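Every chain is named by a letter (A, B, C, D, E and F) in the order it is written, and numbering of its residues begins at 1.
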Amino acid sequence: MQLADLSWEQCAEYLARDNRIILPLGATEQHGRHLGLGADFLIAQELARRIGAQTNVLVAPTLNYGMSHFHLEFPGTVSLAPTTLSAVLQDIFQSLYRHGFRRVFVVNGHGGNHPSLQSAANVIQNQFPDLRVKFFEWWLDGEITRLVDETLGTQQGTHASNHETALMLAVAPQSVHTARIAKRDAPVLPAREFDSPARFREKFPDGVMGLDPSPATVELGERILEKSAALGILEMENW
Amino acid sequence: MQLADLSWEQCAEYLARDNRIILPLGATEQHGRHLGLGADFLIAQELARRIGAQTNVLVAPTLNYGMSHFHLEFPGTVSLAPTTLSAVLQDIFQSLYRHGFRRVFVVNGHGGNHPSLQSAANVIQNQFPDLRVKFFEWWLDGEITRLVDETLGTQQGTHASNHETALMLAVAPQSVHTARIAKRDAPVLPAREFDSPARFREKFPDGVMGLDPSPATVELGERILEKSAALGILEMENW
Amino acid sequence: MQLADLSWEQCAEYLARDNRIILPLGATEQHGRHLGLGADFLIAQELARRIGAQTNVLVAPTLNYGMSHFHLEFPGTVSLAPTTLSAVLQDIFQSLYRHGFRRVFVVNGHGGNHPSLQSAANVIQNQFPDLRVKFFEWWLDGEITRLVDETLGTQQGTHASNHETALMLAVAPQSVHTARIAKRDAPVLPAREFDSPARFREKFPDGVMGLDPSPATVELGERILEKSAALGILEMENW
Amino acid sequence: MQLADLSWEQCAEYLARDNRIILPLGATEQHGRHLGLGADFLIAQELARRIGAQTNVLVAPTLNYGMSHFHLEFPGTVSLAPTTLSAVLQDIFQSLYRHGFRRVFVVNGHGGNHPSLQSAANVIQNQFPDLRVKFFEWWLDGEITRLVDETLGTQQGTHASNHETALMLAVAPQSVHTARIAKRDAPVLPAREFDSPARFREKFPDGVMGLDPSPATVELGERILEKSAALGILEMENW
Amino acid sequence: MQLADLSWEQCAEYLARDNRIILPLGATEQHGRHLGLGADFLIAQELARRIGAQTNVLVAPTLNYGMSHFHLEFPGTVSLAPTTLSAVLQDIFQSLYRHGFRRVFVVNGHGGNHPSLQSAANVIQNQFPDLRVKFFEWWLDGEITRLVDETLGTQQGTHASNHETALMLAVAPQSVHTARIAKRDAPVLPAREFDSPARFREKFPDGVMGLDPSPATVELGERILEKSAALGILEMENW
Amino acid sequence: MQLADLSWEQCAEYLARDNRIILPLGATEQHGRHLGLGADFLIAQELARRIGAQTNVLVAPTLNYGMSHFHLEFPGTVSLAPTTLSAVLQDIFQSLYRHGFRRVFVVNGHGGNHPSLQSAANVIQNQFPDLRVKFFEWWLDGEITRLVDETLGTQQGTHASNHETALMLAVAPQSVHTARIAKRDAPVLPAREFDSPARFREKFPDGVMGLDPSPATVELGERILEKSAALGILEMENW
């Protein structure tokens, strides 16, 4: 059930029986030489759709732009400033609260959005103490890590690496340009330093952080999606 | 060609030959008892897609949220504050400019976005004098008005009335809930007064401004789309 | 009756019998080689004065600065950023509301202020649902257009062209420097593109948009003033 | 010479020979039961006019609204938030700088504007090191104090008290409602505590701070104006 | 009693018997070639400590950064923008108010903070009418001036001059680098002009405003501290 | 070496040989019934001092206030809004950059500051590509976890639990009120939900997250400090 397809009257009917909503957050940012710039919002949207379909919870329209400052040296990346993204999220939370939504399940497809999301939640929950905001980020769960390790032998990739490539093969094959895969590993450094866009590009000239993404398969992508959606469904049902 | 599906490398290749991009703006707001809340972004997205397809100009991801304060009394409406929307647009323009885009063709699906768009353009163009921003709003053109008049006998509807319903029949039939159409005309007052959300709902209890939307047909919708896209293509080609 | 001349006690007495106030908005921006930079606020102030005099509605002090970014390449133009102007207007509305004013009739002398005005009204009316804000812009009315057409044969001027020159001859003759009139027509393009200050000046090197302003007369100016004030009085009385 | 009356071409001619401008700042705020709410901007405007006339320095349009939060419990007071006023001043300074003005002489008619003015100057001068901003506040000068003491025997008034009443008799007699003068002294406390609007009104129920304003005369007002303008002219000439 | 050392339970116990708190404000800015950059916060902290110790009023942690834009040309100066400092103070006031504090005694060690402090107080007191904010600035009191005059023969120093040097000898001798004292007087101009960082440094190349600071002694510093604390205690007790 | 104790001249001398600086960030927030509200800034300050002492890197004054919204239901907590804290950090980074500092080592004592720190770093590094910002948070390191586990048998505490209590015994014994320790374990939930202040207090009525803090000892605190400082020194030396 997509909020976009419901009329206000139907939305009012939904609110009479449930106060939850799923909000998919994405980004428009580089994902290597081989993945489309929409990867993060396409994945978040698909996960949100699956969780919503199974739990009968309404899914809000996807936010297609996020906070991607460190990717700005790569053509096509479009980034909101952290304060802008926080303002957007606060406005969305406030509108939802006004109508009676009380639990927002944020399916976040991009790690760079997290600080702005947390800031927005801190502010809005100080204002509306009974508004609950959960966040769901597929890469955080140990089960996903194990699944990739079992399948590929190892899992060290983060951005645009093997698991994101697998996911995209399952979600949006038209956005995976296999011939352009840069077949080389990139370091995944412990992130104790914030990088400027210029230094980021210098460190990761292909835009990939982590392992060579070529072993990724559509089957692995589908399995990650399934497992991740299952985790999300569980979290939603136990809420 | 969707920016979402291109990798940064492909985007760089595009920028080597063109500096235009299409940006569809929408809203998540009530459109009567019968149309989905996503009407504005669904229509803008479809128009952008058609104009892009014909002109080979890249289409950026759609902004699914807009400035819809006056609709906030209707459940499901999600509105960004005017300053938030302006900040989002400035950030988007700035990112695009950084990569070399110089002409942004904004396909705006929602009139309420216009002040924030104009404000953002005024600020960003003061900063980057060679950035050109055009806006395209399908309802502004006399040809569209004439087309609807010829077809339906009269055309006085604005929000969620006959022509938007026709467009939605063509663009997103799953979002048109025909059985819920409130078959009564609403006044279209000369807009010399800004309305609070409460007064707006009082004036337009169904959420429709203008004529009874029931005569709308998918054929009319398709013809509006076609004509409007043709106008957009013309503007783009003469740029 | 000017708010500036009333003491707080007299203002309290007025509020006991009326909750309306007139707010004139202007700008300090170029108006061709021949008109003073204060044209917009001088005209708005005079219209506000006439409407107030006839309706016994209080007139607030004029805001002499507005949003004039596109004129910034012309010496003397002083422009507030759109967000600044919106903040100013929100603060003014909030102060007026606190004292009991409930209907604000904005006599706006400058089109560039409109987006910020609309944004401010949208925000403040969401906060105070019973605050009503009307806007009055003299150039919007068909009767004015007809009057100028009848008098000058044609009316295609907008900024600093024949009708603004006529108005200034009637309102502030010391600000009309007839000898400097640049006697040539400038195009009035359909405004589908926002212009940077630099492009604006390139398109309109004299600063005039539209017809050669030299046929303007003080009589025409006086007639526009009269007719426009009459329209404003009517709107006020029917409120 | 008023900027409002000059065309952009005349302003360009002025800038070829001088880079100074006078900016009058006022407020719309209560001034006792007897003085018009415009007192501060009317006085600043008149002083600016006199200083400009004598020195041939251009005078910008007056800012009629200022920071008057502590007077908000008195009907008719319209106050900008401190950040709003600072933003307005920064925008004005920035526009003036762009055209070539390098010395701005701020004739401030209202003490409450000072913090925002100082903040704006600190920020803008950090950005444009060669922009010079002077402030002129008539009540700061010892000569004015002495003049009032000599004339009235004592001078302890500040807001809306004897000297402001005298000034208004000279500047805007239509704004002085003598019959309403509240003939009682109010304390002028050493201002070591910031007052909320409510506490301010409790302390000063008439809105006057200081001595009974009834001894004020138009002659005294004219002498203060003259002396103050002379001081301003001196400051300007020695700049 | 330092808030930093109390647990929330102890703070709740304090609030049951008192609603006052002392807030020391400082700055990190140049103080001549001889004084440490922390002079302003070290002095404010010590004064706050003494006043708190005598009156049993709780002392909040010191704000070590302030508004020091005009000193930015001197290495080591760290300045908050005026709006940032105002926001910090508003947030602090708001938190304190929430817990039940109603009287905040601001011991301000740096004049440049005053505009932001006043702005913050104006805004917050408009929001919470029963929140009282006093400010205490040691250099404002005539008794301190007299004390220095009696001791040193004259007192004309302001920033980093004789009395601040004396205070630092008493408060933080490790921050006084006597050998580096620049033994020359600097003018103390009547401050009618705001200075850019560059002009400030040009006028005061040592960073000292006023008299040669070398005659300062630790005894004088201790006497100023004592007298100033006594004044603060008096103000606190009469509140 | 503390920046506070250096004069600008000494700071300039330091900058001639090094471009690093340590910035300690803290908070003023509840830490259970037994720890002082200043725990976070006291610990950060001590760690910064040790790292600075060993590496000869300058230490900036501590920021004593942070983002502590979720603790606001506990008396004494003083919280900056996330945008305020980001603005403060951006201003600090900008000032430091201006003087020539190029590497800022942020010793952050409070997890709640992280989103604002990351946001500020993202913005400022986009502006100044050669500014490097590292963050050091003592609780992130596996060695610290192991050390506590070895000593106490288990380590599951986070906020105000055993290890923070141990640290405070070593750093600021006057802030540890042993008699008030609430001897009971609190859950440490996987933090997938942002909590409003009210829900946070409901979940953690003592303010402690994690294990009963009573087994903490000053020896353990001193060992954590030592090991953590050693890690920080290593990071600094390898930079």
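One rule holds in what follows: a contact is a pair of C-beta atoms (placed from the backbone, for glycine too) under 8 Å apart; a residue touches a chain by one contact, two chains touch by 3 or more.
Remember, it's a predicted structure, so these values are computed and weren't measured experimentally.
Fewest steps needed to get from chain A to chain C, stepping only to touching chains, is 2.
Path length between chain B and chain E in the touching-chain graph (shortest route): 3. Annotation: the chain C:chain D pair of sequence copies touches via predominantly the same residues, more than half of the used numbers being shared. The chain with its Cα centre farthest from the Cα centre of chain E is B. For chain A, the chain whose average C-alpha position is most distant is D.
A count of contacting C-beta pairs for A-B and for B-C identifies A-B as the more extensively joined pair.
Taking each chain's centre as the mean of its C-alpha atoms, chain A lies 29 Å from chain F. If you average the CA atoms of chain C and of chain E, the two centres end up 47 Å from each other.
Counting partners per residue, chain C has 72, 81, 83 as the residues that reach two or more other chains.
Taken pairwise by the contact criterion, the protein chains form one closed cycle in which every chain touches exactly two others.
Traced around the ring of touching chains, beginning at chain A and stepping first to chain B, the chains run A, B, C, D, E, F.
Chain C meets chain D in the complex at residues 2-12, 15, 28, 30-38, 41-42, 60-65, 72, 74-81, 83-84, 87-88, 91-92, 95-96, 98-100, 172, 174-175, 177, 180, 207. Chain F contributes residues 67, 69-70, 72, 81-83, 86, 112, 114-116, 118-119, 121-123, 125-126, 128-136, 192-199, 235 to its touches with chain A in the complex.
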